[in-house]
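Common to both upcoming complexes is chain A, partnered first by chain B, then by chain C.
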Partner chain A sequence: MTVENDSLRKQIKEAIASQKRPTVTVLSSLLAIQDSIGYIPNEAIEEVAIAMNASINSVFGVASFYPNFRFTPPGDHSVEVCWGPTCHLLGAGRVLDEVLEQLGLEDEGDTPDGQVSFRFNTCLGACSRGPVISIDHELYGNVTDTQASILLRQLKDNPKTS
Partner chain B sequence: MTQDKFEELKTEADTYWETRSNGNIPLIRIGTAMCGHAAGAYRVADKLKTVLSERSIEANFDEVGCLGLCYAEPLLDIKKPGSPRVFFNNVTADDIDQIIEGYLINNVLPESNVLGYMGEGEVPESADAMENIPGIALQNRIALRNAGHIAPSNALQYIATGGYSGLYKAVTTMEPSEVIDEVKNSGLRGRGGAAFPTGVKWSFLVGSPGPTKYILCNCEEGDPGAYNDKGILESDPHTLLEGLAIAGYATGASNGIVFIRHGHDGPIDRTEAAITEAYENGLLGENIFGSDFSFDIEVALTGESYVAGEETALMEAVEGKRSMPRFRPPFPAAFGVWGKPSNINNVKSLSYAPEIISKGSEWFSAIGVNQSTGTAIVCLSGDVNKPGLYEVSMGMTLGQVVDDLGGGVSGGRELKLLQTGGPLGGVLGPDSRDIHIDFDEMRSAGAIFGSGGIIVGSEDVCAVDLTRVLVAFCQFESCGKCFPCRLGMEHLLEIVERISNFQSKPGDMDLMRSVGGTMEAGSLCGHGQLGFGPIRSAITHFESDFKSHIEENICPTGSCNRPKIVPKNTRPYANDFATGD
Partner chain C sequence: MADKINLTIDGVEVQADPGSVIIQAAMDNDLYIPYLCYYPGMKPYGACRMCVVKAEAPTPDGSYRPLPGSPASCTTPISEGMRVETNTDELVSLRKGILDLLISEHPHGCLNCHRIDLCGPTDVCLRHVTVNDRCVTCPKNERCELKDTVRYMEMELTTPLTYNNRHLPLEVKDPYWDMDMNLCIVCARCVRACDEVRGDSAITLKDRSGRSIIGTSQGTSLLESGCEFCGACIDVCPTGALVERDYKWDKAEKKVTSTCPHCPVGCQLSLDVSKRNKIIRAIPERTAEANRGMACYKGKFGLDFVNSRKKIDKPMIRNNGVLEETTWPTALDFISEKLLNYRNGEFALIGSPRGTNEDHYVGQKFGRDVMHSANVDISSNTHPEITKPLGDMTGRRTSTSRIWQLLDTDCVLVVSSNITESQNVVSVPIKQAAANGTKIIVVDQRETELTRYADIWLRPKVDSEIDLIGGFMRTIIDESLEDNEACQSCGEFTEFRNSLWDYDLTDIEATTGVPQDEIRNAARMFANAENASTIYGLETISPQIREHCAKAIVNLALMTGNIDNGPSGIYPMFKGANEQGARDLGACSEYLPNYVATGESAVGMTNLIESLNSGKIKAIEIVGDSPTFDEDQVGDFYKAFKQSELVIAHDNFESALTEIADVVLPSSTFAEKTGTYTNLEGRVHCVNPSIGPSSEADEEWRIFSQIAQRMGASGFEYRNSSDVFVEIQEKVSSYTNLDLDKVKKNGQIMRKENQDFQFAVVTRAEVSGDTTNSEYPIIFAPGRVLQQPDRDAGIDTSSDKNTITRTEIVEINASDASEHGIAEGDNIKLEGQGFSMNGIAHVNGIHKGMAASTSLFGSLVEDLANSGDNDPVLKSDSLRLRKVRIEKI
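After this line comes the complex of A and B, so read on.
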């Protein structure tokens, strides 16, 4: 077992152990790990199975069910575009086109340089300000394709340092 | 906490709030609910704090929830000593200097951004009263009474505005059965979509054996187009906590769980902060108000799953499993979360309880129409000039909602459709202006009021295109447990996509009806049973749109000519996982 692997396991165990809510479950542990390290590596499935006394199959069953979990390290930045009906009526399609073109992607996924992880969101919760996009969990409402393009360029010019 | 202690706490809260909201130091409030957030309110708040500290201006500052006027966000207001609250709309960080320099210091209103004033005191020239704005005048706020006025998680501000007095009254002066009777008599019906009488639902749990019984509050709210549950939790979470505790007292439950979707950080953080404050002030926990009643509340998160809002799927998610619905019976009142008796209520339904107990069932049942008492919390979005979060008396017509509250269809266009009740709801045509917001009337019109989302579509909206997005959502969110829904949704999406791509096959319309009928008859939960609803109502009201795609290969608005990006079900498969090295 490598040093890198050890430190990953340590982070995972800490994330499982430091949950503040009184009820701890397979799902809550997976969410805590995703919040902490950004994805669910194989080690996380194993550690949650050990901690919760569950089988690997049942833990992966939970992880694979909810689309917010990802299984590979995320890019430095997250970009989400809402495709709910309100945003769609208000032009989310054009925003999506622009975002995909800027990122050089054809679908959900990570940019080849590992800078940006892009996904669709079924509803970002601010329908009254549609179309809505989220960049690093900051919401931007009433977004046009031009504004989305500007925001993404700012993102490129401003690589994450941490 | 004993009874005397609550009186003391109330006095402390009143003094604190009087000093803060009406004292010698200005109070500045900014709406930072999701609508404010999406409009840039946090950037405005940061700038404001910088300016105040650079200029050494003494002022109190509160982040508050949504006043309902989402279109006006970011919405900032300043309450100077002796003056009413003056509201500034669509504020950007660049406007802050002018607002602080101009109004706060020199008492001169800027030329733009002034929305109006609210309250007593010396009225600044050229400002209009907020109550003259339809979005304020037409609202009747009960569950959202504090939204936009107080800091969401602050127990003292909530108590000072009458909070926890409903719980106090219930616990100290009423029997649990009287509380249930009061809620039954109020006519309150569940606001999650099914409109089942809340008091009757609570009574199911009364006879279930304890001591551990759960009241679950459902704020999954994955429906696109609805944000009122999140709005309540972000704007005034104590109202929900008080309602939850009242339900706990009435039904003999020991625990409350607020169930929120992971990723909705505003509602989660504010609810958890409110829970902490409630415990610190002795309003939750052991022997509330010195009585035998003890009640605990915690937050549980779900991953992203719309079906997790279904009551038995919700219980599975609370237990940390895949959110797939259970077979019924046994019903939740007998076998719920962790196998204990449980009762599931929507955020809005519970948030009415404090005021119903404080003011009485007669007061509540006098509001609204027919069998739909109280208010409707409308999430108005789409092609409308003034989208917002409006709480209005039941019985308002959809026309009033669109034209008076919403300021009409945007861009001076004609109304074409209204999509109501969430993605499983229905689509109504332009002739729906006279339909009243009334659970039963909406249902007989072929739509549902559901959880309160109303999406306005203008003449530029193609009914086929909108239906395609709704069906794509329902397909994406099908949990996959029962095949009528899993396969049916996939099949329906395939057909609707075919039609929108002008590649329909003969008999497609009948095929959709047939698939829909099977789903309705054979699905385990509402997701599949109602999944055909959007298509059925769309083909009822907009048959001509479908026909022109099918027979003439023409999309009347051109929306379907664009390349379409619709996410497919992206849940990973088991072969993506290989056990570690």
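After this line comes the complex of A and C, so read on.
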């Protein structure tokens, strides 16, 4: 009956309402929210459930099925290393090791300070320039492990961009 | 039913219903195809692939065309002449491969232990199997479907320790329900039962591929996930992943099918009884027509009271103010001697809604024939107006259609009835129908679970329902939407139609506070539906106008031709488990057996208190079953009982009633009784003794007959309950068609009396709408829903039990708010008689003079689970309107 309104819920509602596509579904709403605020908070699941007349559990079932949805706020920067076959053959392994070491991670995830969200990518679509890494959705081709290391250091010196 | 389809399964020629799938056809013919994810009554899912078969269908030229591959028999529809092989070497090897994969994530030392046939249930193995894998560490030991399937497949599991343990923590913080996802085989039966069958979706399949597992959104507690604690997921789980917490490790020594004593649906439950003579589990019967495999939180988790050690086990007589244990003969002699002094209208007999038909019949016979008193009733009969008008106008004393016919209706109107809690299983077909497009109209001041499913929820001012229903009927007449043929065939149509001219919609908008357009829309929705059913419980309606309100509701059903027309019907919703039987057999103050009116003078529940206070009733015998008096008046009842000279109480437990009783007789619970219950459809079910007599408690019919015999009466020489039933059949015409064998098997519907339908003129009552007084000026409508996604549920998960900690939001009207100096978001306090609640004010468009709040169903379940009461379900909080005052704190 009563909605405990806070700005997050408002933002979520706007994201759901602003969808232009002809069919609005649970999935499209989740995507709209992730585009808008970068992740799927609890409130988003609840709001999508209300908007789509589904239960929160069904919505969560959908959201958790797709690894692209994240349930925690993303880091300030995103780093993705391509480990598609081409990049792999061209030496992505060394780049990857270097990036992981620099970030202090062992696998995909966020750095403990919340600065960087790191993910593997199966293909960034620039095979001719492999190995490729993407920093804040900007592609860097033909990277070596040293270059990757420099790029990451620059990232650290240059905290939160937007 | 269309013609059956013929097919051959493993060389056996069988017949099956068209549209069914191969595995169902096999099941219907007692043939077994191994399966794990399929479950009768649910949609095929095709997940486990255990039920693969080879099939071939005939072609027009007479040859057979094999179906490609090995189709799953649960998703393959049957066709005429089909030939199915279920057990070829190839299929067996396929199945073994699938099972191998399945149990690669399931502890299975229990499945291949070489002592599997040697061990008894009490043996504890020491070294054959590691601790985690032992059969005794699985709560589903000996009733595990996975184990049965593995053994049927004769799997050679030579490497017991090579499974991948998921190492997931057990979830044991929610009431009644334990979950061990290390045992789950992800068949998704539970998810489907919750979603498809119950319409709740309180659990879901999380994640995907190898990590996929059952859970709730973000791992929240069931208290907020929308769970109604019906246990349907537990009932379908093929492994030990989902189990009832109570008596988790106990084994069933025997199974007894009996009828649930909690509400008039009469769910058939298969009760597991342990060797310690306790009911350890209740599993709803899938084949029972009343509940079709469904139960609710009461039937599933609310039967433990029968196992209590606090039950009264000996008769007691009060001597110098103290109850002293005595023997049956002494107690009965004492009673029969005492009662001789009150053989007239000074005696009243109040039965229990949990009494069997036999108890009711012998009780009323004793009261009327031996005690010469018309004052016979049962304690739940506080709303006799629910069924009386229906009987007067249509001759029907039960619901006119069956519960599961609600599935086929196009529109359901629910008036002032919280069926999702009070008669839960009735709400299951409604929710399923709603998912298939059936329109739901709810008329209620309270926000109940069903308002969530409603296409139209009308929230009229208190006690303005007559006007609202009148507004429906006026719209129907104005727009000629009535069923003319049906109207003409009922008596007094002209008078009835003329009476509707009083119902002016503009005026009704003012009295009900519901906009005209909404009333019109709802009326159109109801009248235009091919089949529309009405459910009414009159729970929020004041006693003075209940009868008129019920008449108006029946009028509406009659004028739209919705009684005796296909699946549509009208369902009066009373609360007592066997209240229907009590009325049929005359154990109520309005009727003798066979619905012969008793006349005005009889004392019943509605006027018991005043009769006791005025001294009209001097002796009273009450079958307590831990009394179920109207919560509002419990105090008044006990005060009144003290006025009488003699109080004889039959009860299971010591209670406020036994404290004032002069004689206390131990009464059997439903689990020790043999007899019959009649449900709200008029279906007669058997009550079978599941736990043998553990004390000297006895059944009411036997107690009454013994007292009667001691008082010199004849006609009470019953040897057993069947003798009583035979006499009931002689005396009560609607029971004459019953065959005790059929009743025992699956219940049987009693004969319906045919009578011409009559309209009743309902004049517009002066809507007082103001039953409040200056001390308590506001009417508070409590609501309860399963889930509130728009609010933070406030679950505390830190302790070993999940608890709800949130502060409720109270809706109030703007003018009431300003009158009390309350602003949005203020902390306020509601106070009424024996009631108090704090909340946060939310000023919105609710009617002036009303306040409403909605809590989570989880909080009720939490209360029940933590209650120290012997029989907590019986005293659980119903959602009735309360008079309160509000203040800012």
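To be clear about the criterion, the second predicted complex is superposed on the first by the 155 of 162 C-alpha atoms of A that agree within 3 Å, B and C clash if a C-alpha of one lies under 4 Å from a C-alpha of the other, contacts with A are read in each partner's own complex, and residues count from 1 in each chain.
In this text, a residue touches a chain if its C-beta (ideal position, glycine included) is under 8 Å from a C-beta of that chain, and two chains touch if they have at least 3 such contacts.
Just so it is clear, the structure is predicted and the values come from calculations on it, not from any experiment.
Asker: Please work out whether A:Leu90 is in contact with chain B alone, chain C alone, both, or neither, and reply first, second, both or neither.
Answerer: first
Asker: Check whether A:Phe71 is in contact with chain B, with chain C, with both or with neither, and answer first, second, both or neither.
Answerer: both
Asker: Given the touch rule stated above, what does A:Glu47 touch, chain B (first), chain C (second), both, or neither?
Answerer: In the superposition, A:Glu47 contacts chain C only.
Asker: When the two structures are overlaid on chain A, which partner does A:Ser55 contact: first (chain B), second (chain C), both, or neither?
Answerer: second
Asker: Which partner does A:Ser7 reach: the first (chain B), the second (chain C), both, or neither?
Answerer: Neither partner.
Asker: For A:Leu139, select first, second, both or neither according to whether it touches chain B, chain C, the two together, or no partner.
Answerer: first
Asker: Looking only at chain A, is it chain B or chain C that touches more of its residues?
Answerer: Greater contact footprint in residues on chain A: B.
Asker: Of the partners chain B and chain C, which touch A:Gln154 in the superposed model: first, second, both, neither?
Answerer: Neither partner.
Asker: Would you sort A:Thr25 into first (chain B), second (chain C), both or neither based on which partner it touches?
Answerer: first
Asker: Which chain A residues are contacted by chain C in one complex and by chain B in the other?
Answerer: Shared contact residues on chain A (touching chain B in one complex, chain C in the other): 42, 45-46, 56, 58, 60-61, 64-65, 71.
Asker: State the interface residues of chain B toward chain A in the complex, per the touch definition above.
Answerer: Interface residues on the chain B side: 34-35, 37-40, 42, 70-71, 73, 221-227, 230, 257, 262-265, 298-306, 317-323, 379-383, 387-389, 419, 423, 453, 455, 457, 461, 465-466, 469-470, 473, 476-477, 479, 562-567, 570-574, 576-580.
Asker: Where on chain A is chain B touching in the complex?
Answerer: 21-23, 25-31, 42-43, 45-46, 52, 56, 58, 60-62, 64-69, 71, 82-90, 93, 96-97, 100, 107-108, 120, 122-130, 132, 137-142
Asker: Quick one: which bits of chain A touch chain C in the complex? Just the residue numbers, please.
Answerer: 1-4, 42, 45-47, 49-50, 54-61, 64-65, 71
Asker: Which chain C residues qualify as touching chain A in the complex?
Answerer: 195, 200-208, 216-218, 220, 225-226, 447, 783, 787-792, 809, 811, 842, 844, 852, 854
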